[in-house]
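Here chain A shows up in two complexes: once beside chain B, once beside chain C.
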Partner chain A sequence: MEHIDAAIIESSKLNLSISNLMKQGIKEITVKNAHSMHNMCVGLTGDALISITDSTGLYTASFLEGPKVVIEGNAGWYAGDDMMDGELIIKNNAGCNVGAYINGGTIVIYGSTGSRVGYGMKGGTILVCGNAGRWAAQMAMGGSLVVIGTVGNLIGESMYRGIVFTQDPDVSAKLGGNVFLDSITEEEKTYLTDLFTKYGVDADPVRFSAIRPALTGRHKYVLFKPELNKFDKKNYQPTKEVEV
Partner chain B sequence: MCGIAGLVYKNTKHFSADLLEMLQCIQHRGPDASGIALFGDSEDLVLRVTIKAKELENQVLSVINEFGKVVGNCEFYASGNVWFADIALDVSEDKKAQLHARLNEIKGVTVHSLSRKLKIFKENGPITNLTNHHVVSSGNGAVHGIGHVRMATESAEDVNAAHPFSSPFFPDLAIVHNGQFTNYFKMRRFLESKGCIFKTMNDSEAASHLIAYAMKENDGDLEAALQFALDEMDGIFCILAATPTQIGFVKDKLGVKPLLLIEDDEKIMIGSEQIEFSSLAGDSFAEEMEPGEVRVWNI
Partner chain C sequence: MSEERMKEPSDSVKALWNKDTLAEIDYKATYGKHRIRGCATPRQMPNFDDLMILPGQLTRMPLDTYREDCETRTVLGKRFAKKPLIIETPIMIAGMSYGALSKEAKIALAKASSLVGTVISNGEGGILPEELANSYRQSIQVLASRMGFTKRNLEYADMLEVLYGIGAKPGLSGHLMGSKITEDISKMRQIPVGIDLHSHPRSGDAFGADDMVIKMEQLRELTNWNVPIFAKIAAGRVREDIKIAVKIGVDGIILDGCQAGTGAAPVMAADHLGIPLMPALVQAVMTLEEMGMKDEISLIASGGIRNGADVAKALAIGADAVAIGTGAMVAMGCRVCMKCHTGHCAFGIGTQHEDERKNLDVDAAAERVANYIRGMTAEAVLLAKAAGKSKLKNLEREDLRSLSLETTAMTGIPLVGSDFVLGKGFGFTANNNI
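Then we have the complex of A and B:
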């Protein structure tokens, strides 16, 4: 295991130091004295466990591809932004826009988070053990967001794909546009059971509902439905070309 | 970017150091200037003003003599490229707004605050400049105030363009702002038609005049004035506004700019980032304000 003291290293050089250690084959790295430094662990690729002993600033572990990053304190805005793969574990609370646009990997927040968690997410899993703020999973294009506590207003607004799992009793009053509340399938129950077991979360999958985009075809698509059959080929008369 | 902070103590008295500490935690949001508005009690009307050239001193004093007189010490001290003064005046309360406007008419003179209960301190550069160059003190019994660290995006790096702003329309009001307005010139034309003199090109100055104008019109109803600002202003913004008896905020309808709140039995803390609260509230979860929200507290 290697230790890095973030107090004596420039922000711009921290990620390079971590990736250099990873290139040497070191699998466990601890970063001390982060003091809410921005852009920590951004763009790291490979296989390692990186532990940050206190709180981080903005964009922690964004573009992460492979490593497991554990933050013992809080994380600032946009943690795990555009993450591709790997794990981001936040032991305490997180700010806004956590997991925005993620493509893959898992983000676990043991505390609560602010607004727009999972904004535009395309894949991967985000597990919020506390409460989530407004506009969660807005315009999501894939992946799954699981919220154990309460959710904020307009959850799932304009989702294209993906799924939100919630057990908030008041969720039906907080749904965004173009989504609907549905029961969960047996496969989804198994998925939640595995997820809760893996991350040591005390929750019962049976109590969860799913928020799905109305676009999935299981319900009527409310925004736009092209009526292609209306077009009658037999009676179709192309516009005559004008002779010059 | 910019960062804002508001602090209300419900019991404790000495708080300016704590407000400065909150701002210190968000120094990274604005290195270009900083400022705080403190509300306390003073027997005299206190003028905080800057002049661009020492020669303007006499002009300022002659305007003051038209409305009343200077009580005690009147010394201008240099800081950066301007001279500051903190002058106690004997001027009746009803002439205050008029004196504020009259001083702002002089080119090169900018009133920062003119009030019995409000003092505004601002300085270029980081917060250490503010505390090194000025004696930041609010008079007696101060329990609330607002502060700002500025990242100059749309207008000049100038001490007069730093926040907080006050306005002759309602001299007891101070505002700080994080954001941008997209209808600045429209607001400015409206305000100038009401007799407002702009001292900077900072869009936040327009916001201060607009809110103060609304308060003048509605007999000091801060909540209604902030609601008016929400309806009239375009853009992305969070504004903290305070008077000797109230503190409140307005947040844009798009919910772009950050505003967080922690309220307990001891205090109310409002700020741009969670980290601001860490020195006073430890590691507690701050509530995020809703888009288009207006909230006002009575003190």
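Then we have the complex of A and C:
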């Protein structure tokens, strides 16, 4: 195992240092004193376990392709964006837009995350053990997002492909446009069981529902709101102040 | 004339309530929604025709049009990139997606880029392997939708364009009507067959200028600082946007004016959003000069470039290169019917229907686009030589004059004849006595 002290290395050199160690065949690397440094582990390719002992800044493990990156603290916005393969494990909470555009691999957030987790995701798996903010999986094009806790409003808005698994009892009131709530299949239950077992998550797949994109028909957009066709003259009551 | 023979005036309406106005109202009255249209705005906008180039005479010598050289090789993106882009003509082929265009049209454009030694941009929705195989230099767009985009794209890009907006529908995202989402396109873009696509409006991985700075560092690291990175922005608040683009750390800026074309755009967006290229370009150059960044940042002008005069004038204002889209399509046979959004194109260009695609002869189309670029380059060279320049890039604003008061007010370029400058001169001393 090798240790890197991020406090004494320029952020632009950190990933090169990790990459060089990986090229030397070192399989376990620990980075301490990250102090919320941005762009940590960006674009790393290969097979290694990289542990970051505290919290990271923006874009952690973006474009990751192969390694397993474990963050003991929190992760900033956009962690794992455009990820190709590998694992990103965030032990605490994560900011917004985590896992945007991921093509593959797995992101596990043991805490909660902000809005737009899995924005435009195209593959891979994102497992949120806490709660997820609004617009989760917005305009996703593939992959699966699993949220153990509660989800925010407008979940799955305009997904094109992919699936969101949730056990939030109020999810039907929080659905975004152009998606629908469905029961999960036996294969999906098995998938969730395996996922929960692998990452040590205490949850029962039976309790989960699936949010799926509407693949037929055309997307409906808020551009056409308000729908100017439901007014009743009899119920019209002029008021001085209009509530907005 | 006798009263019987006198013709009743027709009172034909040429202003507000003309036939197009009535048709637009009829459309909304029938469908209750806004209209989508292909191509660019049909509105008359100020353009480079409003400028003239001053020829060399006694104050400076013209170059021999037919016997003396004029350099057209262009280097783009040398601010930070270790490997700036070198192209043989300052005319690049703009990003037009596989989806909006047929596979045959994309391959023809790529082949044309190799025939003349220029760069082609892939457009939204990933890159066709056939385009990559045939292009001379490949620009890859990093779009808000990130459809078909992976880490592999960064590895073979000769240039990256981080796209913040397009001139034809600034503030909006890509539109690709369901009739064009075939099995093949669906596979590349990872979206269902036949769905109307209104793609991602804002980037999901950079929510503001501060984030964009860090994102840029990320892209630099991923590309080892080799590849020039451009920001493509629609012309709007040019001054402010240029400043932010410089702060983000780009090597260059593609400035897309509101005359730009597209496969499909709401009519409202195409006709009423953004500002025309010519005044936008002047603002961009002025801003870069004020920042002392003009020599560091490459500027590519796009949106309505048609001929060598447009190229020469854009370069004289301060662009380093131009991008062509609609013009290249016209060279392939497009007649600007503005129906790209329907999914049908008899010329096999803006269609995914197999029977229509057969109508485009790829090699002949490639040769025509290459000829068009050769011809435009020759036109620009002719004008540059007449103005006494041995390099196309040596065209300068001092070679320009405005044809109208409106143009001089917009650009700060003096009016023909009087050398009158209205407003803030574009490097010219005001001669307005105001």
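Here is the rule we use: the second predicted complex is superposed on the first by the 215 of 244 C-alpha atoms of A that agree within 3 Å, B and C clash if a C-alpha of one lies under 4 Å from a C-alpha of the other, contacts with A are read in each partner's own complex, and residues count from 1 in each chain.
Rule of thumb we're sticking to: a residue touches a chain if its C-beta (ideal position, glycine included) is under 8 Å from a C-beta of that chain, and two chains touch if they have at least 3 such contacts.
Treat the numbers as computed from the prediction; the structure is a model and nothing was measured.
Using the contact criterion defined above for the overlaid structures, shared-chain residue A:Lys189 touches neither chain B nor chain C, since it reaches no partner. Once the two complexes are laid over each other on the shared chain, residue contacts for A:Ser112 go to chain B alone; chain C is not touched. In the superposed model, A:Arg134 lies in contact with chain B only, and not with chain C.
In the superposed model, C is the one of chain B and chain C that contacts more residues of chain A. By the touch criterion defined above, A:Gly120 lies against chain C but remains apart from chain B after alignment on the C-alpha atoms of chain A. Of the two partner chains, neither chain B nor chain C is touched by A:Lys91. In the superposition on chain A, no contact is made by A:Lys32 with either chain B or chain C. Touching of chain A by both chain B and chain C, each in its own complex, is seen for residues 96. Chain A makes touch with chain C in their complex at residues 12, 15, 38-39, 42-43, 57-59, 62-63, 65, 77-78, 81-82, 84, 96-97, 100-101, 103, 116, 119-120, 122, 138-139, 141-142, 160-161, 213, 215, 218-219, 221, 223-224.
Across the complex, chain B is touched by residues 36, 73-74, 76, 92-93, 95-96, 111-112, 114-115, 133-135, 153 of chain A.
The part of chain B that touches chain A in the complex is made up of residues 255, 258, 273-275, 283, 285, 288, 290. The touching residues of chain C, when paired with chain A in their complex, are 33-34, 145-147, 149-151, 154, 178, 189-192, 195-196, 198-200, 204-207, 211, 214-215, 217-218, 221-222.
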